Every structure is written in C-alpha cells, then in structure tokens.
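Each of the next two complexes has chain A plus one other chain: chain B in the first, chain C in the second.
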Partner chain A sequence: MSTVDYNRWTGKIAIRRLTTSQAWLYSVLVVLSSATVYGFLVLDTKGVGLIDAATRTIEYFGLMFGSPRGVPSHFGVFNDSTAALFLASFNLVLQTLSLAFLSTLLGGVIALVLGLFGAKNLTGPRTSNAIKGLMALIRAVPTVLWVLIFAIGAGLGAVAAVIGMSFHTIGYLLKAYSESFEEIDEGVIEALRASGASWLHIVSQAVLPSSITQILSWTFLRFEINFAVAVAMGAAAGAGGIGYNMFISAGYFFDIREIGFITYQILVIAILLEVVATRLKKRYRLAS
Partner chain B sequence: MALLDVRKLTKSYGETQALSDVSFQISKGEFVSVIGPSGSGKTTLIRCVNRLIEPSAGEIVFDGKEMTALRGPELRRERARIGMIFQHYNLVYRLTVIENVLHGRLGYKGAIKGVFSMYDEQEKRHALEILELLGLGELVYRRCDMLSGGQKQRVGIARALVQNPRIILCDEPISSLDPSSARIIMDYLLKIRTEMGITMVVNLHQIDVARKYSSRILGFNKGTLVFDGPSDQLSQQKIYEIYGAEAGELIND
Partner chain C sequence: MNSSTIDMQTPSDFFRYRNVMLRIFLAILIALTLLSAWHTELKVGTFFTALPRVASWIFAHVVPDAAAWSRFPSMLEKLVETIFLSIMATTTAAVTAFLFAIMGSQCTRINGFFAIASRAVASVSRNIPIAAWALIFLVTFGMSAFTGYLALFFASFGFLTRAFIETIDEASDSQVEALRATGASYPHIIAQAVIPASIPQMISWVLYMVETNIRDATLVGLLTGSGIGFLFDLYYKTQQYKSASLVVILLVIVVMTIEFLSNHVRRKIL
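Let's look at the complex of A and B:
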C-alpha cells in the first residue's frame, strides 16, 4: 500500500498557476497602468481645474456642433449670401473628392494590371509571392508617410498627396484584386487553355468577367477610404480642399463654430459613401 | 494512319506513378470509353493528350504531330483542333450562352480580336447553328448561371464543336448530371460521332453506359492499361481486373 503525503500542501492553497507568458502579460499590464496613473498625477494643467475644464469642453462641443457657422471671407466669399458661402465650401469638398477620385483611379488601374501578375493561378507562385510581398511592404507604411516621402520630390501639395495616396492604394487594391482573381474556378481557366486560348484571352474573356463586380466594389471601398485620407492630407500636406480650410479654421482663426460647419459637410459625404460601400459589400459578400 | 497514337506514355508525381508505360492507338471516327476506378489515371491520360498536364516520358502523336514537342503558338494551334468537355462544365457563368460558345474560337484568334470579342459573322453563324442543333436555340442570350446542369453541359459541347475539332476529349461528362440529362448528353455525343465523324474519347464511371455507347473500351487500373478491346469483349473477369475484387458487388446490378 502506498502512503499519501498530505504534507506537500502547506500554506494558503492556490487554485491557479500562472504560466510564464501570463506572468509576463500581467507584469506589463501593471507597469503600463501605473505609468498611466503617474502621468495623470504629474500632468501640467496650467492651473485649470478639472471641473472648469470639463464644463468648458462640453461648452465648446456644444458651440461646434450646436451652432455651426462659416465665416464667408474664410472661403473667399465677400458678401452675406448664404448660397454663395455654401457653394464655395461645397467647391472645396469637391476638391477633396477629386483628390480621392484621382488617386483611386491611378492606383486602381496600376493595381489591376499588377494584380493579374499577383494572382497565383495566373502566374507562378514565385512571381505572385514577390509582388504580394512588395505590396505588403507598401501597405505597411502609412499613407501620410508616403505623401511626405513624395513631397521631397514634388513639394508639399496636391501632387505629392495624389502620388502618395495612389501608392498606398496600389498596395491595398492589388491584394484585393489578386485575391478575387484567385477565387475564380480553376476549371474555367483550364477549359479556355484546352481550346488554345492565350493568356491575354483567358484574362479578358474569363478572369475579368468573372470578377468584375468584386473589383468594382473593392475599388469603391478604397475610394471611401481615400476621401477620409484626402481630408487629412489637405491639412497635413497642404493638398488643398476642405481639409486645408479646416486646418486654417482650427489653427489660425481658432473658429470653433466654423470647424463644426466643415465637419458636418464632411460627415454628410462620408455617410453617403459609407452607405453605398456597405450596400455593395453586402451585395457581393466581400470578405473584409 | 491512327488519329491518336500514344506510345509508352508515363506520368509520375514524385514517387507515385499516375500513368506507367501506356500505349494505344485510336483511329478516326472511333467512340472510345476510358474506364477505371478513381485515381487510376483516366483524367491524367486525357489531359496529357492536349498537354494540360506535362507527360514525364513517352510520345503522343496527334494527327501526325508530336504533341510533346510543341511550344507556344504551335501548341495553341494544335489544342484548337482538340475539343474538351468537363464534368463541371467550366463555363464563365456571368457571360451568355453564345459568348461561352464563341470561347471555342479563341484558339484561332490573335490577341486583339480575342480580347475584344471580335468574332467573324461566319463564326457567329456557325455557333448559332450548333446551338440550334443541340436544342439551345431559345437560350442564346441567357446568362449561363441561369441554366440547368444538362443545359450547361450542352453549352460545353457547343463550345467544343465550334472549334471544328478532329477529336473531342470528355472528362466524366455525365458524372454531375441526373440520369435523364445524362442520357441526353450521351445521345448527343454519339450523334456527333456518327453524323459529324468526330472521334470521341470519353472518361466514364458507369460501365453500362460505356458498354452501350462506345465501340471500344480502355480499362485502367493504377495507371496501367489492363483492357483494350471492343466493348462486347469486356467480360466480368476483366471488370474485376480493372476495378479490383472489392468492387464486385457494386457493378453486378
């Protein structure tokens, strides 16, 4: 008969044991949260009390979105006509939309051509992996950085913004396009090959017709993203459009109500684009 | 002279031999069924003929041309003379019936004309005639995803016929169809053989169908040709050899 040693279980009994990775995770969390708390404690508030700051924040938000108003002269309008003001600001929104449209078009065309070579079933795995790897690298760098990189050559402005945004668009759309191409039934390609069709014939007669709806909805999705980026680029890269005016209102005129006015305009366009993109996405059941 | 002369054809994937040392000849106008269990090399065999699969060794002489030596445009030209029909039809479902049928002409087209679907009037007329012949005259402008299985397969046959092929290779043409559609398809294949004189090589899983329609049967087991003779000479003993003893019960009915 074996004897059981109950004396091993001494002291307080734990019902859990930490694994090494859990131990690391918890210590990192503890360090980060104490650093955050410490940060708040030593924050330089310039003598503004918490309650005072909170009420003012709420007040400003109320001003911004409760009573938005554009100053006509900030939009280059020198009379009191509301219609002229809206026309001028809508013109700026159109400029931003154009930036987004142009970079989506340029990026889309290049991505479509390169995407054919990026699809495993249309080239070999080697070419496909090389192209996809390169594109992953391009995607990994944020759009803003690409714009600033191209600003070295083109100078800050619309040209650098469009080139930089197109560049990131190529990386994004190429992945989407080539994956759509790869989803095509291998048998269709085989059938056309068997009848003596060339590579160009197969691409134009089978691959593109089968994936055209997916290509269109991915492109629109990217257009929506590019619009948001174009607003930011107006401010960050001086690319013009409504984003630049927002930057001026915020940083130069300190006009909180005008920021509200511009934000509402951007919001309307963004919601419209979002609705269309969601519908397209649902219709063709795209994986995100 | 034989239309198709296969000599010592071998195809191996690493260690496994999909086909080993297969030799046979097919004359013009024959209706040949190829039977054998799954994985016996039927599919590999017919794909080697039009080089969708590269043979490892051996020769395939089609209509006097050595297929294994062909490259690029020359290969395309010979493939255009060989029709092919598939189990899963392999149509572009977003396109119409006539567009799919005209894909059979791409092998004869240059880059620009093929890419922009610039087909001659004569080609289009030919395609319509074939569609009428196959009973698809009412469905010319129907999108292919709206068709039934049997109709899809008839579009597949039309696409092969519009090539003006000397031979048609069929890879299990009726395996995805219900019995009555399967019968219609087999009847059309037989009709094409007798009325147009186009040679047929058909991979089949159904022995009774092979017996009924073909003039000659090739039986494969594990990549080797174990039976080659007129369909009435396919004895029960030979069927055991092709399918292995364990399949006996399946095929006795």
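Let's look at the complex of A and C:
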C-alpha cells in the first residue's frame, strides 16, 4: 500500500509501485489462473461429453438423494426388515468409526512421545528439527499409499489401514501437541528444574496436566478427519466398513439409490463430529 | 472437571481426585480400544510382524530398476496431469467459495437466509468425504478426468468456504465498518475493504489446498482409474513394486517441492 505520489514533486505521471508482497501475490494469482486455463484446455475427457454427463448427473442426483434405498443382501441381510438393514449398515459405520478411533489412538500415543522430545522448550532445537523433517517426508506420501505399502507386510485389512492411517495422524498431532507444549510458561519448568525435578517429573506434573485439555481437543479434531480417511480407506484400500460398501455399490452394482443411502449415513456422522469439533475449537481457541 | 464440587481440604485430596479421574479415563480408552479391535477384526500379532517386513520391503524397492525408469515418461505425464487437475479444482473452488463466503460471513452477508443457505451448502459439500464424492461422480462421468476434477472441486469448495468465512470475519470487520460509515456501496465495500484485507490469508489457504489436493488426487485416481493413482495401482496389483515405489518417490518430490514453494510464498505475502 505504499503508493507514493511522485508527481507531486516531479511532475511526472504517477506510477503505482508494487510492494514485494503485492508482486508475489499477483504472480501467484497469474500462475494459478494460467495453470487452470491450460488445464481445462488439455483435460483428458476420455470421450465423456460434459453436457450429456452433467444432465445425467443431475437426473441421478434426484434418485440418489430423493429416494435413497439400500439393498439388504448387499449388507448381508436376508430378510425384508428395514430395522435389520439399518442395523447392518450402522454396524458398518461403527466399523469405520473403529478404524478411525484406533488410528487416532495409535497416532496420538506416538505423537505424544515424539512431541515431548520434539518441543523446543523440552529438548534442543536439533532433535526438534530432525523430527519435523522426518514428519514432512512422511506427510508427503498420501495416506492411501501408506496403507497399501503396509498391506504388503500385513495383508489388506484393518492392521494395514490402522498403521497407514496413523502416519498422517502422527504428523498432524505432533505439530499440534508440540505447539501446546511450547505455550507452557517457561517459568514453571524453570522452577521445577531448579527444585531438582527430573525430566519425567516435569513432564508428568507440569507439562501434561496444563496441556491435557488442548491435547484431547486436538486429538478429537484428528478423529473427525480420520473418519473421512477411514471411509476412503475402506473404498480404496480394502479396509472394510461403510466405505467398502459404497465402493461396491458405485463400482460394481451401479446402484445409484444405494449410493444415496450410504452417503446420507456418512454425512450424518460427519456433521455430528464437525459440530463437536467446532465447539472444542471455539472453546479452547485452537487455531487451524 | 469442576473442582468446586468435590471437597478438597488437603493437597492429597486433589491428587487422589486426579488419579481417580485418570484411571476412569484410561479404563474408557482401553474399553473402546478393545471394542474397536474386536469390531474391525484386528489381528494384533500382525502389527509387530508387519513393521519389520515393510521396512525391509521399502529398503529392497526404494532404488528403481531399469524397467521402472523405462516407465518414467508415462509417470511424468500422469504426474503433470495430476498437478494441473489439483490446481484447476482448487482455483475454481476458491472462486466459488469466495462468493459463498461473502454471503455466509457475518460482516458481509446480504441477509440471513442467504447466509444460512450458503453455510449449509458448504457444510454438506465438506462433510461428504472426498472418496464418496469420487464414487458419486464415477457413475456418470466414468473414468474421465471430470470425475476427479468434480470430487476435488466439491471437497475443496466446502473446506475453503469455511476457511474464507473465518478469514473475512477476522480480517475485514473494522474496514467494512469504516467504509460503511462513509456511505460506500456494497460492491465498493467488497472490492476496497474485504478483498484487500483478506486476500493474503485466502491465497495461503489456496496454496494449502493445492498441496492437499495432490495427495487426494492420488486417492481419487486410485478409486476412479485415472491419473497417477491409477498408475500406482496398476504397478502395485501386477507386483511391479520397483515401478510403484518410483511413483511414490516422484509424488514425494512433487509434494515437498510444492510445500516448500508455498511456504516461501506465504512468508512473502503474509
């Protein structure tokens, strides 16, 4: 915003001068928008007509969300009772929630241990940077690839999914935890250290008690994310649960109304989790 | 944990109370863990055998062989395609999200109905997981790039709308107030107060989204049979692990480069 009115002194035409940050801002905008235009020009449509497919999508959306219906046999139910169908599909949702819970817990425990070593005020900057670098590398690999890599060692299923999903969880929670640890008043740690308390005492009596609410809230935020991830792993990496059923209805049965039936269930759970997460965020002022 | 409800006469009462709470919490955690493990048929033993196996697998396949290098050009092609798809989905979602955020934000909303409607649309869009979006569009758009584009678009749109609403609320409240007081029109307020005050933070979110979308595009590609995800799946299923791991290595390089670039840009603009 430092446009200087040069013509007041020199009589020359005013030239708007960009600050460095404005120049960067405009270049990012130019790069992103030209990439977008170029991307649309070379989009690999594989012969699918946009107008045709879009009209059909709108038509199908009516069926999907207007009259959702699950086929009992797809859920392993062999009678016509609606209650049994809902029970079976809710059971699958619970399975997805379980996967999310287990990977959040595993990731959380590992992140807690690493976080205690990684926080700058508890150990030196070198350990802290080494851990952060390793996490950047782990985060760069998409979760689905971690799960598939672990499936080579553990077979497709819950174990590979939980381990693979815990990787990004560790990265996410480690950052959150170490920031909560670094917020702790330096004086408290100093005082304990001066009184001869060991590292373990400092951690268990000062660090953990004062950051426990933040730690639990952050963990819940990750659980919310992991629910969506668990749906995806069921669909793409054979982890089971409701995601797998959705993959089968969309990829094999082409049952549009069943896709709607499953989507509604996922949506309800996801919105419930988000409501709780938003409250926690507001209450404990967690910055995203 | 309302400490006033319990009688704490001595410090030892406090510690006893804390220990009891801690034990209850741990008991619930363990119960949930066991229940989840049982429900997902988790084979706990496999946990410990899997780790060394995977570690030795990674060491054995991390260096690509000649066959993997011969596929390098096609990998590069799919990778470029994936990068463009992520950028396209993010930018178009960002423009749409901006319009919805203006309607949804407390300080720039037109009326209560549009505010609630735009927030509701964004909430549905964000709470349907990206994998579900991909499968929804798979039925009509098949294995074309549209499927991936639309899945990424809807997930990004929902996320960015919420992020932009927060940004607008935080960044431009006072400026909007000031311009409104001078009698500026609504378009003027948006153009002169809201956009200048919040665009650096919004660009930062967009860059974050591009990064996330490259990873998510891999997932969508795996589900819908397109892009770099499909290529990984192909090599993985035919057990050409050295080619599969070259795909992973290339992805790591791309994601880390983009992360580095966007951190650099973020430091310059914020």
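Following the convention adopted for this analysis, the second predicted complex is superposed on the first by the 233 of 288 C-alpha atoms of A that agree within 3 Å, B and C clash if a C-alpha of one lies under 4 Å from a C-alpha of the other, contacts with A are read in each partner's own complex, and residues count from 1 in each chain.
Just so we're on the same page, a residue touches a chain if its C-beta (ideal position, glycine included) is under 8 Å from a C-beta of that chain, and two chains touch if they have at least 3 such contacts.
None of the values given here were measured: they were computed from a predicted structure.
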Partner chain in contact with A:Y60 - chain B first, chain C second, else both or neither: second
Which superposed partner A:I110 touches (first chain B, second chain C, both, neither): neither
Which of chain B and chain C A:S210 touches, first, second, both or neither: first
First (chain B), second (chain C), both or neither touched by A:A197: first
Partner chain in contact with A:G240 - chain B first, chain C second, else both or neither: second
Touched partner set for A:L134, first chain B, second chain C, both or neither: neither
Those residues of chain A which chain B touches in one complex and chain C touches in the other: 209
Touching residues (chain side chain C, partner chain A) in the complex: 18, 29, 32-33, 35-37, 39-43, 46-47, 49-51, 53-54, 57-58, 81, 84-85, 87-88, 90-92, 123-124, 126-132, 135-146, 149, 163, 166, 199-200, 203, 206-207, 210, 215-216, 218-219, 222-223, 226, 229, 232, 236, 241, 248, 251-252, 255-256, 259, 265, 268-270
Complex contacts: residues of chain A adjacent to chain B: 185, 187-188, 190-198, 200-201, 204-206, 209-210, 212
Residues on chain B engaged by chain A in the complex (per definition of touch): 50, 52, 75-80, 82-84, 86, 88-95, 103-104, 106-109, 111, 114-117, 156, 159-160, 163
Of all residues in chain A, those that touch chain C in their complex: 20-21, 24-25, 28-29, 32-33, 35-36, 38-40, 42-48, 50, 53, 56-57, 60, 64, 94-95, 97-99, 101-102, 105, 136-137, 139-145, 148-150, 152-155, 157-160, 162-163, 209, 227-229, 231-232, 235-236, 240-241, 243, 246-247, 249-251, 254, 256, 259, 262-263, 266-267, 270-271, 274, 288
